[in-house]
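For clarity, chains are labelled A, B, C and D in written order, and residue numbers in each chain start from 1.
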Amino acid sequence: MTIAQATQIESEHVPGDKDVWVFVLGEMVIFSSYFFVYACLNRSVNEPVFAASRHHLNQTLALVNTLILLTSSLLIALSVQATRKRDYRVATRFVELGAGCGVLFLLLKGYEWYAKLSQGITLGTNAFFMHYFVMTGVHVLHVLIGLVFLAILRLELRTRAQPRVSLMEVGATYWHMVDFLWFLIFALLYLMR
Amino acid sequence: MSTLVSDVTAAPVEAVRNPKLDQWICWWSIPIFYNLFGLIFVYLGKLMPPPKPGLSQAEIIEFITSNKDSMQTAWVMLALTLGTASLSSGLIIEQMKRMKGVSHAFAYTYLTVLAVAALPGCLFCGIMFALAAFRPERDAELIVLLYDMGLLSFVGSLGCFVTQYMVFAFAIFLDQRRLFPRWLAYMSIWGLVTEFIAATIWTFRSGPYAWDGLISFYLGTVIFVLWEICLVVCLYKLIKHQPVEELHPAYGGAR
Amino acid sequence: MTAYFRGPLFYTWLFLVSATLASALLGLEGKAGVALIVLLIALVKCRVVIRTYMEVHAAPRWLRRSCDAWLLGNALMLSSPYWS
Amino acid sequence: MNINDQRICLWLVPIFGTLLSIAALTFLVPPSSPLMSAEEVARFYRENVAQVRASTVVFNVCGITFIPFYMVIVVQMQRMANPSRAFSYSYLSAAASGGTMFALADLGWLIAAFRPERSPQLTQLLNDMAWMAFITPVGFIMAQNLCLALGIYMDAGRKPIFPRWVAHFNVLTALLMAPGAFALMYTEGPLAWDGLLAFWLRTGTFAVYMAVMFFVVRAALDEQERSQRPSLDEPSLAVAA
C-alpha cells in the first residue's frame, strides 16, 4: 500500500458507522424544525413579548451550562483518543468525567426550570416560554439519551478486553451533537435579541 | 412433542409452493391497512390533518354535521378493518423472536403494547366521533366533549408508542444476528422523541405544539410514516431471506 | 492523563471557551444588530465541534457536505428574521 | 444465554417508577373526594390546571413502561418447570388489559384538564370516569399475581425460579388490592375511591409490590446468569428436549 493510498483511506473514514450518521443528521434536521418554528414562524422573535420574557432568563446559568457541555465534549473526544492509544483506564476515566459534566448540566437545568416554575412561569405562560420549555426540554431529553450512550461506552471499556474504537466513536458522535445543538439553543433563546 | 413433530413431517413437502405464505399475508396486511387507514382518517373521517383544537362550539358542531355521512362510513370501516393492524404486529413479533441473544421479553412487550395501542390510540377515537355523528343534535357541550375525547385519544395516546419504540430500538441493538439494520433502531429513537414532544398537545390549543401543530402533528407524522416505510422494507427483506430451515418441518423446515 | 491536555483537542476547547465568553459578553450588551454576530459565533462553534471533535474533517465528502449544508441552511433560516 | 435485555426491562422500573411516583404523589395524594360537587371539581381543575396536566402527562407518556418488566416475569414464568406455559400467557394477557385500562383512565384526567372551562357536570363525569377506571379494574393485576403464584407453586424444578414466599406474597397482595373494585359503588367510607381500603391500601400495596418484585426478579435474573440454565425460549433447545 502506498502512502497516497493510505492517506486516501484515512480521509474516507466515517467516524463511528454510517448508521449513527443517519441518526445524527436526522436529529440535526429535526432540531432545525424546532428552530424554524421559533425563529421564522409568524416572525415572532421580533415581538415585544419575546424581548420582555427574555429578561426573565438566567443568562449566567446558561453560560455556565454551555461551558460545562463544552468541557464534557472535550473529555469525550479525549476518551476516544485514549481508546485509540489503548489507554483504556484513562479512557474510562474521561467517559466518567464527561458523563459527570452531563449530569451537572441536567442538575443546573433542573434548578433553572424549578426557579421558573416557582415564579409561576410555565409552558403556557406565553409564546416565548412555550418555545423555551419545549426547546430546552427536547434538549434535556437528548442529554438523557446521550448519557445512555455514555453508559454503554463505559460498559464497553470496562468489560471488553479489546474495546471497539468504532463504538466509542458512535457514542462520541452523538454526544458532540448534543453539545453543539445546545450552542444554537443558547444563542437563540438567551443571547440574540 | 417429538411424536407430534414426526407426524407432521409425514406430510408431503413438495406440495408446499410458498412456505412463507403466512408471513407474506401478514406483510401485505400492512400496505392494505395503511391504505384503509388513509381512506378512513384522511378522506372520509377528515381527522388527518386534524381540525383545529381552538374551534368554537358552533364550528365543532358544523364540522360534525357537515361530515356526518362520510364520517359514519369511516367509523364503520374502521370497526370492520382495524383488526388488520394485529396482523402486522404478528409478523413483527415473529421476526423479533428470530433474534439471537435476546429473550422474548422484548417481543412480548411489543405484542402487549400494540394490543393496548389499538384501543385508546385508534378505535376509541372512531367510537367517540361515531357517537358525535350519531346524534349531532345532542347538547353542544357534549359534542365538544366527544370531539375532545376523540382527537385527544387519537393524537395523545403516547405511552404505548414510547414503550414500543424503546423496546424495538433496544432489541435491534442487542440482537446478535443483526436481523434489522441499526439505522432502524436509531429511527425508532426519533420516533421516541416525537412521542415525548407530542405531550405538549395537552397544554396548547393553537400554535406549532397544539394537536394540529407543525411540530406535534406534522413532524411526528412525517417521522412515523418514514419509520413505517423503512420497517416495511426491512420486513420484506427479512421474510425473503429467512432460511426455509427455520420454518415448520411440514413446510420444508428443520425446526 | 494530563498529557492528553496538550493536544489540538485542548486548543480547540480553549477556542470554543473564548468564543462562548465573547458571544455571552455581546449578548449581555443587548444592542440591536449584535444578534447576527452572536448567531455567527454559534454557527462557527458548531462547525468547529463537527470538524474536530466529531472528526468530520477526515470524513468522506458526502458527510462533510451534508454537515456544511445543514449549517448553511440554519444560518439562512435563523438570520432571516433580522434581515429587514 | 445473554440476559442484558431482561436487565434493561428490569431497570426501567426504578427509572420510570420514580417519575411516576413523583407524578402520583403530587396529583393522586391526597386523592380528591368523590363527594365533591360538580362545581368543586370544576374549580379544582381550573385552579390546578398546570399541576394536573404535568402529573397526568407523565402518566400518559411513562405509564406503559412497566409492561417490559411484566414481560420479564412472563419470560421467567416460562423457565419454570410447569406442565405448560399456559399461566405465562394468561399473565401476559392480563397485563395487556390492565395497561389499557390505565391508559383510558389517564385520558379522563387529561381531557378534563384540557378544557377546564367545560360545563362542571362534564368535568365531574370525566373525573369520575378517570378515578373509577384507575382504581377499580383490580381484576387484571389480581389475575397476574395469582397466575404467577400458581406458577411458582407448581414449579417442579429442583431449583425453583422464584422462592416459595414470593407465591404467598403474590396471593396476599392480590387480596389486599381486591377492595379497589368496590369504589364503583361507594362515594364515602373506606371503600370509596379516596378511602382507606380502596385507595390507600390498594395503591400502597401496588407500590410495595412493584418494589419487592423488582428485587425478586433481579435475584432471579442473577440466578439465571449464574446457572445458565437453558431457557425454553430457544426453539432449538425446545425441540431437542
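Definition applied: contacts are C-beta pairs under 8 Å (C-beta built on N, C-alpha and C of every residue); 3 or more make two chains touch, one makes a residue touch a chain.
Values in this document were obtained by computation on a predicted structure and should not be read as measured data.
**Q** When the mean CA coordinate of each chain is compared with the mean CA coordinate of the whole protein, which chain is closest?
**A** That would be chain B.
**Q** Could you work out which chain's C-alpha centre is the most distant one from the centre of chain A?
**A** The most distant chain relative to chain A turns out to be D.
**Q** Please work out which of A-C and A-B is bridged by more C-beta pairs in contact, and write that pair.
**A** Higher contact count goes to A-C.
**Q** Indicate the whole-number Å distance between the mean C-alpha point of chain B and the mean C-alpha point of chain C.
**A** Whole-Å distance between the two chain centres: 40.
**Q** Take the average of all CA coordinates in chain A, do the same for chain D, and state the distance between these two points in whole angstrom.
**A** Inter-chain centre distance comes to 35 Å.
**Q** What's the distance between the Cα centroids of chain A and chain C, rounded to whole Å?
**A** 13
**Q** From the mean C-alpha coordinate of chain A to that of chain B, what's the distance rounded to whole Å?
**A** Chain centres of chain A and chain B, defined by C-alpha means, are spaced 31 Å apart.
**Q** Return the residues of chain A touching two or more other chains; collapse runs of consecutive numbers into ranges.
**A** 123-124 - these are the residues of chain A that touch more than one other chain.
**Q** Do you know which chain C residues sit against two or more other chains?
**A** Answer for chain C, listing residues that touch two or more other chains: there are none.
**Q** Would you please write down the residue numbers of chain B that are in contact with two or more other chains?
**A** 196, 203
**Q** Within the complex, which stretch of chain D touches chain B?
**A** It is residues 1-6, 8-9, 53, 56-57, 59-65, 67-68, 70-72, 74-75, 78, 92, 95-96, 99-100, 103-104, 107, 110-111, 113-115, 118-119, 122, 126, 231, 233, 235, 238-239, 241 of chain D that touch chain B.
**Q** If we count contacts the way the header does, which residues on chain C are in touch with chain A in the complex?
**A** Chain C reaches chain A through residues 1, 4-5, 7, 9-10, 12-13, 16-17, 20-21, 23-24, 26-28, 30, 32, 35, 38-39, 41-43, 45-46, 49-50, 52-56, 58-60, 63, 66-67, 70, 73-74, 77-78, 80-81.
**Q** Which of the residues in chain B end up touching chain D in this complex?
**A** 1, 5, 101-106, 108-109, 111-113, 115-116, 119-120, 124, 141-142, 144-145, 148-149, 152-153, 156-160, 162-163, 166-167, 170-171, 174, 176, 195-196, 199, 202-203, 255
**Q** Report the residues of chain B in contact with chain A in the complex, numbered from low to high.
**A** Residues 181-183, 185-187, 189-190, 193-194, 196-197, 200, 203-204, 207-209, 214-215, 219, 223 of chain B touch chain A in their complex.
**Q** Which residues of chain A touch chain C once you look at their complex with the stated criterion?
**A** Its residues touching chain C are 10-15, 21, 25, 28-29, 32, 35-36, 39-40, 43, 45-46, 59, 63, 66-67, 70-71, 73-74, 76-78, 81-82, 90, 93-94, 169, 172-173, 176-177, 179-180, 183-184, 186-188, 190-193.
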